[in-house]
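Below, chain A partners chain B and then partners chain C, in two separate complexes.
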Partner chain A sequence: MSRSGETLRVAGTRAVRRASPAAIAGRLCAAALLLLLVLAPRLFAPAFRLLAEDGAPAIYDQGSLLQLTLDHVALVAGSTAASAIVAVVLGVLVTRPSGRDFLPLSRTLVNVGQVFPPVAVLAVAVPLVGFGLEPTLIALVLYGLLPIFENTVAGLDGVPAAVMDAARGMGLDPRRRFLSVELPLAMPLILAGIRLSAVINIGTATIGSTVAAKGLGEVILAGLGTGNTAFILQGGIIVGLLAVLVYDALGLLEARLAARAGRA
Partner chain B sequence: MTASGAAAGRVPRARFPGFDRVGVVPAALAALALALPLVTFKPNRIAAGRGVAFWAALPPAAAAAGGLLLLLIGLAACLRVAPASRLGLALVALAALAGLVGLAPGAVALPGMPYARVSFAAGFWTLLLAFGIMAADGSARLALRPGPRVLLLGAVLLALAGLFASGWWNGLSILKEYAAHRDGFWAEAVTHGGLAFGSLFAALLVGLPLGVACARMPRLRGAALPALNVIQTIPSIAMYGLMMVPLGLLAGAVPFLGALGIRGIGAAPAGLALFLYALLPVVANTAVGLDGVPRDAVEAARGMGMGGARRLRAVELPLAAPVILTGVRIVLVQNIGLVTVAALIGGGGFGTFVFQGTSQAAIDLVLLGAVPTVVLAFTAAVLLDAAAEAAGRTPA
Partner chain C sequence: MIEIEGVSRRFGDTLAVDDVSLRVEAGTVTALVGASGSGKSTLLRMINRLIEPSAGTVRIDGRDAASVPGEALRRGIGYVIQGYGLFPHWTVSRNVATVPALLGWDRARIARRVDELLRLFDLDPDVYAAKLPHELSGGQQQRVGVARALAAEPKLLLMDEPFGALDPLIRAKAQDDLVALQRRLGITVVLVTHDMEEAIRLGHRIGVMERGRLLQYAPPAELLARPAPGYVERLMGGADRPFQLLSLLTVADARDDGPADVGADVAPVPETLDLRDALGLLLWRGVDSLPVVAADGAPRGRLTLSAVLRRAGRPA
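And then the complex of A and B:
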């Protein structure tokens, strides 16, 4: 199966496929660092004090980092799940014979949708639904649709005709063909889309803090607002680690599914 | 056959001859939009607004004629008209919508209300979406070649420029915001473009040679691409914040650089962050593009006595151009969007208006920042798509 559509944005970059001892060690270190930063931020006070201006607090003290991290993860998980459901259903519909007519148009719309920057979507959603969680959810769900839809269509379209013919020859009805042949074969690509969405959303959710959504963006914004580099770095590192770890974990899951699809 | 679009003939489903299922989407949206408020009326800039329906927002004759025209074009979308007519009708509808909404301020606000604001509301946006979908559908079915596509885009942009220059929309709130921020608008436009294009240019200078090197040296590729991938996962807002640290320290340590305008805050860290984001698509697509160059072509060039550098310049890079240009498109569209976030660290650009508007609860100021950003990104996407397609067609 072609892997060219693995990421929507960039050709030919793929997840780490085989875990070397160094990669495993790196992952564990990143996870440990993340946990310490969130659970025991005071440990890092001496390091961050170097960046804080005289008298400014070195460690974010306007709320619980753990709570903000959990809010952030919940926001991203919820919006990515919603995007995934909508995008996969749409992607399946437009690749069925009865929905094929809609494929060129939905492709065009998905492409055009990408030119809307998340900040703009967020800002425009505010007057419609007010400040806080809602505009952020709208922006994240909308923005997350695109990679998943594109990859769902690419994955379902990429199932070789010979495989479908064989499934037909085995007497599988359309529903069985879809559930036990097409969907499993397309799953690695669909998951790659979900992974991309989740990582983009982890970043976009920080921008959500500009419209008062609860999340780690608050830490960074507090730093930007008071010129406290220690806060910026602290928020940035936590969000960055979160993104890298989620990207990595979903990449592993994807590689495992791809291996299984290859064997099937 | 031509009238039934690209997908016709595949599935026998012509139970309703002359009926087009895809066209129902824009038609239904347009019908819905006419029931929604076309504009919002506010006694002043920050007061709560009240939605005004299509029929009430326009002079009666214009509302009747315009509504009828839009409905008829919506009906035509449901029929099997030729793709070119579909596109043409959609453009007529969009032009009519632009003309009609310019009449709304005169019809809704009284002459004695200088602070009254008339802004676009859900009905306007839904009509724009409906006929935008119809136009996109028409042009997708038409499968225009790159040249005509660029010409069409140019014509639409010219028409928009003419609309603004004519003053027809001057009564609308977004243009009142523009009038209030006229000087700042163009300064931010220059900053926005400068950041997006400057970082792309820098990324090409560094990324193209690095991409070539990656294509030649698998070990370098194994190290460079994962590293650039990790950079890509760092959220923009954090990246901007992080870039402030080294640049701030650098400017503090080397006063000369500070005098050049390189500081921990402002455009310099924004440009550096954008450059880092831009590297992955450029490097990866250059390497993948070069991978895809047929071996025969390289061998033939070698047989003709071309040296390594000449082969790269005259054969390999031109053949890899479509893939490289796709990477450039990704970078440019991504950067134009990301520059909006740079306003948070004082980097300027259209994001300045977006964040100002958000904090003042002034949606039209948000739009003053958001609409040009989207237009710019859309233009960049269409131009570079056309360039990539043209590069793929030209026999190298």
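And then the complex of A and C:
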């Protein structure tokens, strides 16, 4: 019994640390495809031409795909970073003894941020802050709070009671207990929340283009506006590849942290 | 020396510890025994102020514990808990180095101390220093937990069910190791357990607690011979009481100078063996007496069955 359990655990650990050749090949292909689509979209013209209406351009020509992709990534990175800061700080506060009472309230607020559709947030935000980047950032930041907040709370609450008791008993002060024990042990889960948030927002950020924020949504909107399926597909494929690769990259980082935290 | 005077602790409406006074002599092992909820852990945790007393004072070596900042106090007192609470993301050596690092020892001194402790606890530094706790067996984790508690050379060690998570074979070994270690270092140990046998085995004095009150505080032999009426009497009154009593004595306490009436080929018993085990040998071999030898092998007379049995009954 225990023998087979041991083997299973070892196998599981290996799977985390060393990806299979097929997975690595898949990742490399996805990365290569993304680079080509962004840097040399003309290469794909023959394929996309099949989808474009007669005479319509097969490859998006109203701006640089590279620039739009960079804008898109910057938008998601910025909004996810802001979500992470707000959600982690909030999550830390409500897991302190003095902040416990605010957990239900914070949870409700964060849930509202998730339940409110980003499109509706845009509709409310545009009259207040105008068109462009700002309303999009507001919508994405609100939308990204929930996974990070919940994972932060779960991660901090999940630190074994014996470990915290030992830390106090050894004479670690509250600051050291937090920075060198609680936070590192909660980090894999916090990072999982950030990863979820980032991936959701890579897709959601496309709606920013409806209020004139720069991003890959432009390509999709242009396609929708002119009935050009080739554009829609180009934008969609780039967004999809971005999401897959970011999910993967953050997942690897998380697995390394988890292994270091002794939880692999 | 620890002097606990009139200490109480209230949690809401319940009195977890109710006006307890006791004195722990330096260099001894005191076991606090009781069912869960008896207040024994709370009492232990008031010594290093993980829990602040609602009333009363705790003095350690004459100094009021409340006069020292909590963190500083705790860095000077070893602390071992059930489940050990090793930091799962730190290597064995970093775990052991926790308190010395907090105290600001220099690197070389910490490294020397960690190395010394790992060897003392039978953990080859070359093999174990860089391992993470989850890569160790339960017994090894327990030893790392004790090594970590002793790293800064505290004179006082507090242990809350330190053997509770070990299986019986390893537990007996860990208990023996603790006894040897305590003798060697001369430290004071206060240990919480729900297991009376463990308390009798380890404690120079035993405090029995029930519902927050300290019912009796006495050496194990006295607790067995004259348990306080009521709870303690019921607790101690098991059919194995004679054997518990014998386990407190050694062959040296019961031997005499007469000749053992067995053949010369019978293996002698060492005089340091406890009488419970000696009785086992007498019964198993079906003899009335056995020759006794000192640690150096010199003959020390004999041990008779009747001498053992005389000491198993209720003391006068």
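The definition used in the following text is that the second predicted complex is superposed on the first by the 242 of 264 C-alpha atoms of A that agree within 3 Å, B and C clash if a C-alpha of one lies under 4 Å from a C-alpha of the other, contacts with A are read in each partner's own complex, and residues count from 1 in each chain.
In this section, contacts are C-beta pairs under 8 Å (C-beta built on N, C-alpha and C of every residue); 3 or more make two chains touch, one makes a residue touch a chain.
Being a predicted model, the structure only gives us computed values, none of them experimental.
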Next on the checklist: Output check: A:163 vs chain B and chain C. Expected answer is one of first, second, both, neither. What do you get?
Outcome noted: second
Next on the checklist: Taking the superposition on A as described, I'd like to know which of chain B and chain C A:82 touches: first, second, both or neither.
Outcome noted: neither
Checklist entry - A:229 contacts which: chain B (first), chain C (second), both, neither? => result first
Next on the checklist: For A:51, using the defined touch cut-off, is the partner it touches chain B, chain C, both, or neither? Pick first, second, both or neither.
Outcome noted: first
Next on the checklist: So in the superposed three-chain picture, is A:59 touching just chain B, just chain C, both, or none of them (first/second/both/neither)?
Outcome noted: neither
Checklist entry - Where does A:173 make contact in the superposed view: on chain B (first), on chain C (second), on both, or on neither? => result second
Checklist entry - On chain A, which partner's contacts cover more residues, chain B's or chain C's? => result B
Next on the checklist: Can you give me the overlap between the chain B contact set and the chain C contact set on chain A?
Outcome noted: none
Checklist outcome for this item: Residue positions on chain C within touch of chain A in the complex are 48, 50, 70-76, 79, 81-89, 98-99, 102, 132-134, 145, 148, 158
Item to check | Sites on chain A touched by chain C in the complex | outcome: 160, 162-173, 176, 181, 184-185, 260-263
Next on the checklist: Can you tell me which positions in chain B touch chain A when the two form their complex?
Outcome noted: 5-7, 10-11, 13, 21-22, 25, 133, 136-137, 139-141, 225-226, 229-230, 232-239, 241-242, 244-245, 248, 264, 280-281, 284-285, 287-289, 291, 323, 326-327, 330, 333-334, 336-338, 340-341, 344-345, 351, 354-355, 357-358, 361, 363, 366-367, 369-370, 373-374, 377-378, 381
Item to check | Residue numbers on chain A that touch chain B, as the complex places them | outcome: 9-13, 16, 51, 97-98, 100-105, 107-109, 111-112, 114-120, 123-124, 126-127, 199, 202-204, 206-207, 210-211, 217, 220-221, 223-224, 229, 232-233, 235-237, 239-240, 243-244, 247
